[in-house]
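Heads up, there are several structures right after this.
You will see two complexes here that share chain A, one where it goes with chain B and one where it goes with chain C.
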Partner chain A sequence: MDGVILKAQNNDFNKGIKSFLLSGLKNGVFDSFILSMQVPAKDSYAWILTYDEGLVKSSTPISPIMTVQGARALKSLRTGTPTQKIAVVMRPCEMRAVIELSKLNQINLNDLILISYDCPGTLPIKNYLEDPEKGEEVFNKILLDWDDKNIRETCKLCDKVSVQEEKTFQSDLHITTLGIEQNNFAIISNSEKGIEILNELKLEIKNLSSRDEPVKKIIETRRKNRENSRKELIPQLIGLDALSEFFSKCINCKVCRSVCPICYCRQCYFSSEKVKYSMEDYLLQASTRGNMKFLPSLLFQVGRMTHMSLSCVNCGACEDACPMDIKVGQAFSYVGDNVQKLFDYLPGRSFEEPLPLSVYREEEFKEIEN
Partner chain B sequence: MNKKIKINKSVETGLKELLISLLESRKIKAVFTLERNKDAVYYSLITDLEKVDQASPFLPFMPANGGKLLSKLTDIKSISEPIAAVIHPCELAAFIELIKKQQGSLDNLLIISSVCPGVMPINNISETNLDEKIKKYFESAKNSNIPTGLRENCEICSRIIPTNADIIINLMDKDIDNSFELYINSEKAEKFLGDENGEILDSDFDFANNTFPQNIKDIISQKEKNRIAVNEKYKFDQLGMDGLIDLFGKCIGCHSCGGVCPICYCELCDFDSAEHEYKKNVLKSDLNSRAGVRLPPNTILYQLGRLNHISTSCVGCGMCTDVCPVDIPVGMIFSSIGNSVQELFKYIPGENLEEANPITVYKKEELTNFED
Partner chain C sequence: MKERIGIFLCECGPNIAEKIDLDKVKEALEHLPNVVIVARHKLFCSLQGKEFLKESIKENNLTRFVIAACSPKQHELTFMIVAEDAGMNPHLFQMANIREQCAWIIEDKDEATKKAILYIKAAYKRVIYHESLDKKEIVANPDVLVIGGGIAGIEASLALAGPDRKVYLIEKTESLGGKIKEFDEVFISFKNGQSIIDERLERIEKEDNIETRLQAEVIDVKGFLGNFIVIVKTGDSEEKIQVGAIIVAIGFELINLSQLKGYGSLDCDDIYTGLEFEKMKKEGKITTKSGSVPKSVGIIHCIGRNEVGYCSGVCCLSSIKFSKYIQDKLPGTNIFEFYRDLTLPDKAYQKFYENIENKGVNFIQADDIKIANEKGLKIKYNKNKSTQPVDMIILSPAYVPAKDSNSLAEMLRIPRDDSGFFTEEHPKLAPVNTSAEGIFIIGCAQGPKSIKDSISQAHAAAGKILASIIPGKKLEPEVRISYINEAFCIGCQKCLNTCNYGAIYFDNLKFISIVNEVLCHGCGNCIASCNSSAIQLKHFKDIQMHQEIIEILR
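Moving on to the complex of A and B:
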């Protein structure tokens, strides 16, 4: 793969990225940015949309925690974008969710320039919140050594962390640090738009084959991690009894749904009148079984799976937020993988690849019409 | 004279036996109470006698606000045959607030509640030494101490008496392992209970009218002190805009706090509706005036709106804190602010079914003034 190599003094990739963004602002290839930024109390991160040089300088494009899944932040631009060349720096899994939402007409990509980066994973929010300062320290180390000891379980299983020959996610530009010389990072174009931008910036394109080995290695490690963890996970998910046991602690708070970038329905079916029953309905059920647990959770979980597993990008936002520490992200990701395999579909792989279900639906309609 | 029934059994066994006898005599059709299955705890509607025997009515946990559940269950239509429900005081208070908003009905519900020692944060249910903790909890309660390891909200909750319950059980009683008293607190309860359930005695205490044992008075005043101390420390009710922005700076706008809140009953929250969607022109002008806009926008607006909608009714149950993914003490903020608003209006949520919520009264008056 080819790309441009840029400086990052003292391996401060964030600083390097910000200089690149600001040079783009000067050259007119970008006119504003969506970046991750520390909140005033310095104990968390939020997404900020800005064109202000000062704000860009105080942002942290590669941040230690995923608070709001980036695609959820972009959804708030549903009714339109304020400017035309907004550079968005987000993780690969966030990009993939952005692509999925664009297919579901929830995000318009026209005015966005999607910039992904080599993602070593993020820290569990709860761990970070306990001691944000320490979290910063831990994460800065991870950015250099890619040690996965302290990252979220779901990240340990994620193999879509960098671009390689076999395309696994779409963006316009991709920032890469793996296999690049010390104090440097590189930018690879990952779309037509990306190629144009690099051309416009007149930067020298170099061969980046030094990345191939390290990228391959990390992907292999992650895949092995996943294989191993699935050996334990799968028996916990197969069959209704196992599944009820898996979700037994679930309090049906639906936090997992609220933080999921893919679940975009304003009014979720599983919170609607349609799933509301009266005491009499429950009583009927209770009298045939002896008791009726108020755990509509399984219906909710399985229902949510059928609605969104095809687009699940296994970003782990749900698992990170679950107050009961249920491995909900890993469960969805497993189901998602299977459904996606079935349809030979990979969410977020490319702008063009249509959602299988929409194709399916259209074909179904055609049959009816004929 | 108020009545009570003295039962010479441990409180849990005694209550379950009572529920079973009510089921057997067909005075009630089912029991709504907590069940525990290893590290799962949930409300359940039970008709089977054996399953009542396995239930955990006094387990110090609140997986969902029971008032919210009962409201959902009685909202479509009220119950046609009697059901007994064992819930905490704040759940009952929430239920009553919901009924005032036409979101449910007490018809045919026999409400059993306790003088409440509090509940633990819900995720403690997976702790390995849980049984030990629960034992300690009941030990403390029995000795009229506030148990340790409660939800923050329970530590400052002084509304521990379920004044509107039909039957009240005092869990802060040192004899609780051998005998306990059921206070008959309504005419409805009298219809369900009789000699067959135990000896009916006159009671010195009238929970609904503020006469109750000294040890409970002491606990209440201790908790009031706790509340004042918390308020002095955090000044939640004097935060102002900047303070709120700081406190909710971490908020990721997931709206889960509202989702589990019994008082937030709207099926589609106003703040999730299309009207509240960030419009392009608003975004543009915000961006021009501020140079930077947070996405998603309006996280603070949501909190302010929710405060505005529910502060008079917040029962301080702490459900919201339990689910917040970024550990904001939402329940403490809402309960503290709620409490001061409630004091202002001299309104106690859930205290009196007949008393209208001041917000609705206020709105009406405003309107009549307007008409004049």
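Moving on to the complex of A and C:
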């Protein structure tokens, strides 16, 4: 792959990215930015939209934790006719969710310039909150050595960390650090729009084949991790009894749904009146089964799975948020992978790939026709 | 108003009565709230049965009823009419299928009775939540779109066009006539193919109500019976055509010889397909490549039959016709017809075959035919045991679906069979209908066929259309259709793409999807695609289904 090599003094990639963004502002390729910004209390990050050079300078494009999944932030930009060139810097999993939501008409991509970056993973929010200052330190080290000891479980299993020949996620530009010389980083175009931007900036395009090996290696490691972890996970998910046990701790707070970028309904079916029955029906259930458990968590989990697993991007936001430490993200990711495979679909892989449920293919699932 | 519900148990002759204890069923239902009558009858679909049902509804002032009988596929409509006759909205009843789903499949009478009670109770629970749905009427468009200007398409167009019915005839190539115009002589009159087409073209010319589009293709189809909206592309221009019915007559192709393995050298000189040979005959010169007159000709049937997995059914006859061509043109030529089975089903074919055979054509039943080019063409057969040298070979390759059939099937949302031909609704009972109402398939688009059969199908489809879409007559569209709750719709537009009928459009101002009540067919696809259940199907609402299921799972 080819790309533009830029400087990052002292391996400070955040600083390097910011000066790239500001040079884009100067050259008129970007008008404004959506970036991650540390909150004043210095214990979390928020998404901001800004024109201000000073604010860009104090932002943290690559932040140690995923607070609000970026795609959920962009959902606010659904309507209207934008006339801006807004540069958005987000993780690959956030980009993938952005692409999915754009297909579901929940995000208008027209004037967004999507910039993804090599993501080593993020810290679990709970760990970070114990000592945010230390968290920053730990994460900055991870950005350099890609040691996965301290990152979220779901991130350890993620193989969509960087762009490579085989496309796994879509953005316009991709910032890469893997396999690039010390104190440098590179920018690769990942779409037509991206190619135009790099052309407009008149930067020298160089061959980046030094990335190939390190990127391949990390992807292989992650896939190995995933394979190993699933060996343990799968038996816990197969069959109704196992599944019931897996989710038995669930307290029905539905926070997994609230933080999920893909769950976009205005009124969730599982919070609607439709899942509430008459007193007679409850009494009937109690009398025929011997008891009736209130707030059936399994129905909610499996139902949500059927609704969103085709578009699940394995971002792990649900698992990070679960107060009961249920491995909900890993379960959804396992189901999602399998469902997506059936349709030869990878959510967020490209702008063009249509959602499988909205296309009719004549040659499909012949085996289940009678 | 207090509900008054009736439950009617059909004996279906001995079908239900002998397998289910209907007295026990009656007993179990009589005390259900608001049930004012539980009655049984030998055969509710009979004249007396219907009368009894009607009178019972009236006498008891029923507000709703359940009828436990056969499958709603068989008699739902029958009882809807009875309900209407009794002055009731036809949607205020529910059928419980205790014949196919109980009586016919359960040996044990007690078990069958138990299950029947469960099903009737479920129907009773459901019917409480039924709502009156009012009839609508729409004006059906009598015009017809015919895709494909071969003999089938032309015949259908001519049969349909008239003072109050326009036909749009869409042809992909630059001229009408399809494959027939390539045939020098057409069995049984041995008329020239082009002249057969020319006669019809003259009639099309004179017919004001046939509009022909040449070098044109269909690029989008929406709607259903009575109201299709079709986008046709001719050259660079696109036009919107509105019709009430669509006939697909896109014909066939011959199997690509390069796909075939196991026949030896098919790409040598002096090997022709049937269509190539017709052309040669038409040009009046049957010669080998070197220009000499062939002294011997081998005609091979069934090329590709194993590969496609069916007998094309028409090649035997055309192969025999080729013998006639050669006998007429080049008397004294040695002719060898190699066949696997002779398929000559029609009343005129046998005589023709006998006639040709008597004139000295050698008919050889052979297996494992291979063509070799060793100092001239040789046909080896029966596992290389026999060899016949010839100067020229004519192949009869299998008929395969036209190239466009895949894309057209997806656009029209009609199924194709394993071979890729369009599938008729029923192979015997509905041979030109498709699963989509208002879309018909004729000629070789449906499967390999003779010219005669293609024309019969063209007339059959025309008859179906003439009888169902009568100019000025109104159609009653489905009333069990979907509707969208504005408060829940989040505007993701998944439903737009899943709708088979183009019946959902998007309101950009409100940012919600809206159902076009005329185009909606009530198939339910959109409901399955809507995560937030913003879409509901009338008569199949969540509450109606839930209540029924809860009762069954009791």
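Assume the second predicted complex is superposed on the first by the 352 of 370 C-alpha atoms of A that agree within 3 Å, B and C clash if a C-alpha of one lies under 4 Å from a C-alpha of the other, contacts with A are read in each partner's own complex, and residues count from 1 in each chain.
Definition applied: contacts are C-beta pairs under 8 Å (C-beta built on N, C-alpha and C of every residue); 3 or more make two chains touch, one makes a residue touch a chain.
Being a predicted model, the structure only gives us computed values, none of them experimental.
After superposition on chain A, the partners chain B and chain C are seen to fit next to each other with no clash. Look at A:H307: by the touch rule set out above, it reaches chain C but stays clear of chain B. Look at A:C93: by the touch rule set out above, it reaches neither chain B nor chain C. Of the two partner chains placed around the shared chain by superposition, chain C is the only one that A:P354 touches, whereas chain B remains out of contact. When the shared chain is aligned, chain B and chain C each come close enough to touch A:T79. Number of chain A residues touched is higher for B, counting chain B against chain C. In the superposition on chain A, A:L346 contacts neither chain B nor chain C.
Touch criterion not met for A:I218: it reaches neither chain B nor chain C.
Of the two partner chains placed around the shared chain by superposition, neither chain B nor chain C is touched by A:L157. Once the two structures are overlaid on chain A, chain A sits at the apex of an angle of 100° toward chain B and chain C, using CA centres and rounding to a multiple of 10.
For the three-chain overlay built from the shared chain A, the minimum Cα spacing from chain B to chain C equals 9 Å.
In the superposition on chain A, the residues of chain A touched by chain B in one structure and by chain C in the other are 78-79, 266-267, 272, 277. Those residues of chain C that touch chain A in the complex are listed here as 406, 409-410, 413, 415-416, 487-494, 496-498, 500, 511, 529, 531-534, 542-543, 546, 550, 554. Those residues of chain A that touch chain C in the complex are listed here as 78-79, 104-106, 264-269, 272, 274, 277, 281, 284, 288, 307-308, 354-355, 357-362.
Those residues of chain B that touch chain A in the shared complex are 29-30, 35, 37-40, 42-48, 50-51, 63-64, 69, 72-77, 79-81, 83, 122-123, 125-126, 245-246, 249-250, 252-256, 259-260, 267-268, 272-274, 277-280, 283-284, 287, 291-297, 322-327. Listing the residues of chain A that touch chain B in their complex gives 32, 34, 39-41, 43-44, 46-52, 54-55, 67-68, 72-83, 125-126, 129, 248-249, 251-255, 258-259, 266-267, 271-273, 276-280, 282-283, 286-287, 289-295, 320-325.
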